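Below, chain A partners chain B and then partners chain C, in two separate complexes.
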Partner chain A sequence: MSTAHNIEPVVKEPQMYGLLAEFHDVQTLLDAAVALRKAGYKKWDCYTPFPVHGMDKAMGIRPSILPWIALAGALGGIFTILALAPLCNAFLYPMIFSGKPYWGMPGHIPMAFALGILGGTVFVVHGLFVLARLPQFYHPLFTAERFRRVTDDGMFIAIEATDPSYSPSATSQLLTKLGAAAVEEIRD
Partner chain B sequence: MSKKIIQLGPKDQFYLDELGAPLISGGLIAGIVSLAAAVGLGAAINDGWRQFLFSYLTAWLLFFIISASSLFFVLGHHLFRASWSVVVRRLAEAMSCNFIPLLVLTIPLLLGFHKIFIWTHYNYVHSDPNLVNKTSYLNVPFFMVRSVIYFAFLIGLSLYFRSMSVAQDQDGSVPRMLQLQKQAGWGFLAVFWIMNFAGADYVMSLQPKWLSYMEPGFFFSGVGMAVYAVLPLVAIWFQRKGKLTQSITTEHYHDLGKWLYGWAMFWAYIGFAQYMLIWYANVPKETTFFLLRTVGPWMIITIALLFGHFIVPFFGLMSRHVKRHKGLLAFWCLWLLFFTYLDIFWQVQPIVWVNTHAGLTAVANNHDPYTLLGAVEKIVWKPLDPMSLAIDALCLVGIGGLWVAHTAYLLRRSALMPIRDPKLAESLALENF
Partner chain C sequence: MASVTTTQVPGMTGDFDNTLDDGVSKAPLVLGEATFREVTRKICRVAEAPRAPLAWYVAFAISTALVGVLGAMITYAVFTGVGVWGNNSPVFWGFPIINFVFWVGLAHAGTFISAILLLFRQKWRTGINRFAEATTVFAVVCAGLFPGIHVGRPWFAYWMAPIPNVMGAWPNFYSPLLWDAIAVFTYTNVSLLFWYVGMIPDLATFRDRSKTRLRHTVYGILAMGWRGSAKHWQLYERTILILAGLATALVLGVSSTVSTDFAVSQLPGWHETIFPPYFTVGAIFSGFALVLALAIPARELFGLKDLITKRHLDNLAKITLVMGSIVTYIYMMEFFIAYYSGNGYEQFAYLTRIMGPYWRMGWLILFCNCLVPQIFWFKFARTTWWLALPAALLCLVGMWSERFVIIITVLNRDFLPSAWHNYAPTWVDWLTFAGSIGLFFTLFLLFCRFLPMIAMSEVKAILPQAEGHVHDDSTAGAAGH
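Moving on to the complex of A and B:
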C-alpha cells in the first residue's frame, strides 16, 4: 500500500503518427490518391464524408475477402443442417413424420435455407468487425482539430509514419504539391 | 464536382441503320422457312398435328414470356423511377411490343384448341365431378374473354410506354416521364396478375385435374427472369456490331447480371416451394404433375433443371467478376435462356400424349400401380423422339425469327436508346460500388 505513493506518473512521450492533409475537392483527392499509390506509399488512407466513386481504383484497394467469409458461413450453415437433420431423423432416433421417409430431403431444405442465411449473416457481420478491426474507440487522428470536419465537409489523406516511403519533409512537400490545402503532423 | 464529363460522343451510333434490313429479312426468312418445315414434319409424323401443336405452344410461350418480361422491366423501370436502366430501356421497349405478332401467331393454337386443352372435351370433363365444378372458370367462352383482356392490356401498355418514350426523343419532355411514372403503378400490377392468370390458363389448364396455387407464381418467376437473359445478349451483340459502344458500360451489364442472378434464384425458390408443398401433402390431384415428370426420361430433365437453372448458376454467376465480364455474362445468359426454354418444355410437354384416347385407355386399363407406371412411361417418351425434338427446334427458330424480325422493325423506327430521357446522363454515369 505504501509503495503506491512512490509510483512515478507515467507520461507517454508523444509518438509521431503521421501526416494529415486536407483537400477541398474530390478530384484533387482522387488525383492525389493515384499519385501516392504510384509513389509507392502503403500505409495511408483517405477519409471523406461520403463515398467517392473510383476511390478503390485510385487507391489500388483490392476486393475484400468478406464475400468468401459470407459464402463459407452460408455453406457451413446449409451443410450443418443437411448432415444434422438426417443424423437425428434417420439414424440416431428414427421417427416417421406424416408418412415420409426417414431421410426426407425436401423437408430439410427449408431449415438448410434458413441456417444458410443465418450462417451467412453472422459470418459477414463478425467478419466485417474482424477485418475492419472494430470496435475501435480511439484513433490518433481524433487529436487533430480539423479532422472533426470529416463527418461534414472535410476530405483528408493520412499517411502513417511507419510507412517505408515516409519522410517528414519530403512527404509533406509531396502532399502540398498534390493540392493539399493544409498539412499537419499528428502526434499520438 | 467530378471533372469527368460524360459525352454522347459522335463515335457512338444510336441507330440500327445497316443492321436493320438483314435482321428483318433474315428473321422473316428463317421464321417462315422453319415454320413451314415444322408444319411439314408435323404432317409427316401423322399424329394428327398433336406434337406440332405442343411444340408450337412451347415456342410461343417462350417468346410470350420474353415479351411480357420486357414489358415488366419497362414498367418496373418507371415505377421505381430507376435511372441506371435508361440506356437499355429502348431495347426492352421494342421487345415488349411484340404482342400483336404473338396474337397473330396464336392462329395455329386456336385451330388446334380442342386438341391442346383436354378440358374442352365434354365427356372427359363430365367423367370427374371436380372438373365439372371447374367448368364455371374453365370454359371456352370465358377462356377467350380472359385471353382478349390479357392481350388488350399487354398490347395497350406496351404500345403506350414505347410511343411515349419515342416521342420523348423529340422533345425531351419531363412531364412525359412523370406521366409514365404515374401510369406504371397500375400497369405493373396488371402485368403481374395477367401473367399469373396466363400461367394458370396456358400452362396449368393443360392438366385440368391438377391443382397448384404455386404454379402461376412459378410461371411468373420465368417471366421475371427472361428479359435479363435476353437484354445483355442483345446489348453485347449490338456493341460488337459497333452500336451503343460508349453508352452501355460494364456497370450496366453488372446490374443486369445481378437481376438475372436474383430472378434465377427466385425461380428456384418458387419451384422448390411448389415441389415441397406437393411432396408434403401428397394429395393425388396435386402429385400427378410430379408423377409425370419423374418417370423415365423426364426425371433426367427434372434433375437437369434443378442443376442447370439453380445449383450451377448459383455458383457460376455469383461473383461480380463474372457479371462484369461480357463473354462470361453472355455465356450465362445463353445458359439460363436455354433452361428457361427447358422449364417451359418441362411444364408443357410431358402431357402431349397422356390426355389422348390411347393414353387415357392405357392408364385406365392398368389398375396396378407398377403396370400403370409402365404404361405412363411409354407415353411420356414420345415428346422426346428425335422427330418431336426437331419440330420443337423448328418451331423455336420459326417463332423466334418472326419475333426478331418484328423487334428489329421496331428498333429501326427509333433510336436504340432514349436519347433525350431526362435521366440519361445519370444512367450513362452509372457506377457500382
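Moving on to the complex of A and C:
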C-alpha cells in the first residue's frame, strides 16, 4: 500500500515499564517485600494468586478509606428512606393508614435497616473498583507470558522504571539477591 | 496459634476421613495433592472439560423442560387470570406466597456461610461458600418470581414503587408488604454483588487459562482486569469483610421482615412476636439442607472430593442439626404459648394444624423437621451420602410443608365459621412450583459448568504453604516517607 504523501510510519517506541521478578514461595516473597520497602522503593507491587497474610505490613500499605465509604453509603440509605416515606405519606398525599400518624418513624425502621445495608453494599463495591482503578483491561504486565500464572500459582514482584530508586542493573541484582527465581524486563 | 500445625500427608484423597480432631494438629481441609497448581487444575477442570458428565446433560434437559413449563404456566395465568390457581376466599395467598417464603428461606444458607462463618473465621467455608452463594442468588430469583405473578397484573407491578404518577398514589410505607419488597430487593442486590465480587479473582484465573478467544474475552471482561496486586488484595479483603458484616445483618433481617407480613396482621396463629427468629431459623435450616443436598452429588459428579471433603459434609450436617433443633424448640414454644395464653382462638389455631383438615401436613412437618435431622447426631449418618442426602431432602419437604401449613391453616379458618373454606392447589399451582425448581436447577447447572464452582483463591489461602511471617524489626509506620 502506498500513500500519496510521504508519511513516516508511526512506530511506538516500546517504553520500559520495569522489572518483573518471580518468586517460588510465600516466605521469600514476604522477606523480599520487607527488604524492598526498607531499600526505599516506592512504585512497586507484589502479585499473588491469593491474599497473603501480613503483606500489608511487609509492603507498608496503609489502611484504605473503604470503611468510611461503606458508612457513608449506609447512612445515605437510612436517611433516604426516612425522608422518602414521610415525603410520600405525610406531604405529597397525606393519608391516614390504620389510624397511625402521618409521620411515625417506628414503622419506617425495617425499611431503613434494609436500605442501610443496600447503601453500604453498593458504596463499598463501587469504592473497591474506584480505589483499585478497575476495570483496567490492559496492563503492561499482561504482556509477560509468565505473568499468566499469577492467577494460578505464580508469585511476583514488579518494580516500575519510574521509581526514583530504580536502576536496571542494581534493581535486578537486588531482586536476584532477595531470592527471585527469574527476573525479566517488561516493555509497554 | 503457631503451635497448631496442619497435617498434610500426601496420599490422603477424597474418601479420607478428615472429620476427627486430635487436638494437636488441625485436620486438613484440602486432600490429595494440595499444591496451588493442583487446586487450580481440579476446579478449572469442571469448566474447561470439553464435555460435561452425562448426568449434567440429563439434569439440564429436565430442568430446562421445567423452565418451559414455568413459562407456559405464567403465560396461562397472566392471560386467563389468577382464577386458574387454587387461591379463593378466604385463602387468597395460596401457593405463590408459600413458594415465595420457601425460596427466600433456601437462599439463607449461602449468606450465612459467606458472611457469618467468615466473621467467625471458619476456614472450612472456603470449600463450599461459592456454590452456596450461587444457591442464594438463584433461590432469590425464584422467590422474586412469585410475588411478581401473584399481583395478577404484573404490568402494574411498578405501582409498588414510589414513582410520581398522575393518580397521585404513593405506596403505604407502613405496610409490611412494602417492607418485604424492599428487604427482598436489598437481598437480591447484596447477594449478587457479594457473589460477583468474590468471584473476580477466580474469573481472572479462567481468563488466564483460556485457550479460545471467546473464553478469553468473556472471562476477561468479567474479571475486570484483575491482576492479583497486593494493593488490590488489601482493598478486596477489606471489601469482603465489610460485605460480610453487612450481609450478617441482612441474613438475620430478611426473613424477619418476611415474617412481619404475617406477624403484623391480627390473625391467631400469625400474630406472634416469635415469628422473626422463627422464620430466620427455619430459613437457615432449609438453606443448609439444600446446600448439603447439592454438595453431595456435586462432589461426586465433578470429581471435587478432595476439596469438598467429608469434613465439609460433616459440618454442614451439624449446622442442619442445630437449626433443626432450634426449629423444634420453636414449635414446642408455639404450642406451649397457645396453651399457656388461655386464649381459645389461639389454641384452636394450633389444634387445627395437627387435627384440622391439613393434619397430614402438620404431622409431616413434625416428622421431617423435628425427627429426621436428629439422625445427624450420628457421624455415620453425617458422612454417608445415602443417609445424608435423603435426610436433607426430607428437611426441604418439611420446610415447604411448614410454609404451607402456616399460611393455609390460618387463612382457611376465617373469623366466621360460615366463611370457612378449604384450599386445594390446582394443577397450574403444582406445575408453576415444579417450574420454579426447574429454573433454580437450570441456573445452578449453568453456574457449575461455566463459572468457578469453588473459590480457588480462598482455598489456596488456607493451604499451609500460603502462610509466611513478616520479619520486620523496624516500625511499619516508617514506610513510604
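Note that the second predicted complex is superposed on the first by the 178 of 188 C-alpha atoms of A that agree within 3 Å, B and C clash if a C-alpha of one lies under 4 Å from a C-alpha of the other, contacts with A are read in each partner's own complex, and residues count from 1 in each chain.
What we mean here is this: a contact is a pair of C-beta atoms (placed from the backbone, for glycine too) under 8 Å apart; a residue touches a chain by one contact, two chains touch by 3 or more.
Just so it is clear, the structure is predicted and the values come from calculations on it, not from any experiment.
After overlaying the two complexes on the shared chain, residue contacts for A:98 are found with chain B and with chain C alike. Of the two partner chains placed by superposition, A:178 touches none, neither chain B nor chain C. Chain A is touched at more residues by one of its partners, and among chain B and chain C that partner is C.
Residue contacts after overlaying the shared chain place A:110 against chain B and chain C alike.
In the superposed pair of complexes, A:51 makes contact with chain B and with chain C alike.
Contact with neither chain B nor chain C is seen for A:21 once the two complexes are overlaid on the shared chain. Of the two partner chains, chain C is the only one that A:134 touches; chain B does not reach it.
When both complexes are overlaid on chain A, the residue A:78 reaches neither chain B nor chain C.
By the document's definition of touching, of the two partners only chain C reaches A:152; chain B does not.
Comparing the two interfaces of chain A, the one with chain B and the one with chain C have residues 25-27, 51, 53-54, 98, 100, 107, 110 in common.
Across the interface of their complex, chain A is touched by residues 35-37, 40, 162, 168-176, 178-179, 182-183, 185-186, 189-190, 193-194, 197, 201, 204-205, 207-209, 220-221, 224-239, 242-243, 246-247, 249-250, 253-254, 257, 260, 456-458, 460-461, 465-472, 474, 476, 478-480 of chain C. Residues of chain B touching chain A in their complex: 1-3, 272, 275-276, 279-280, 282, 318, 431, 433. By the touch criterion stated above, chain A contacts chain B in their complex at residues 25-27, 51, 53-54, 71, 98-100, 106-107, 109-110.
Chain A makes touch with chain C in their complex at residues 25-27, 29-31, 33-34, 37-38, 42, 45-64, 66-67, 70, 74, 81, 84-85, 88-89, 92-93, 95, 97-98, 100, 104, 107-108, 110-111, 113-115, 117-118, 120-122, 124-125, 127-129, 131-132, 134-139, 141-142, 147-153.
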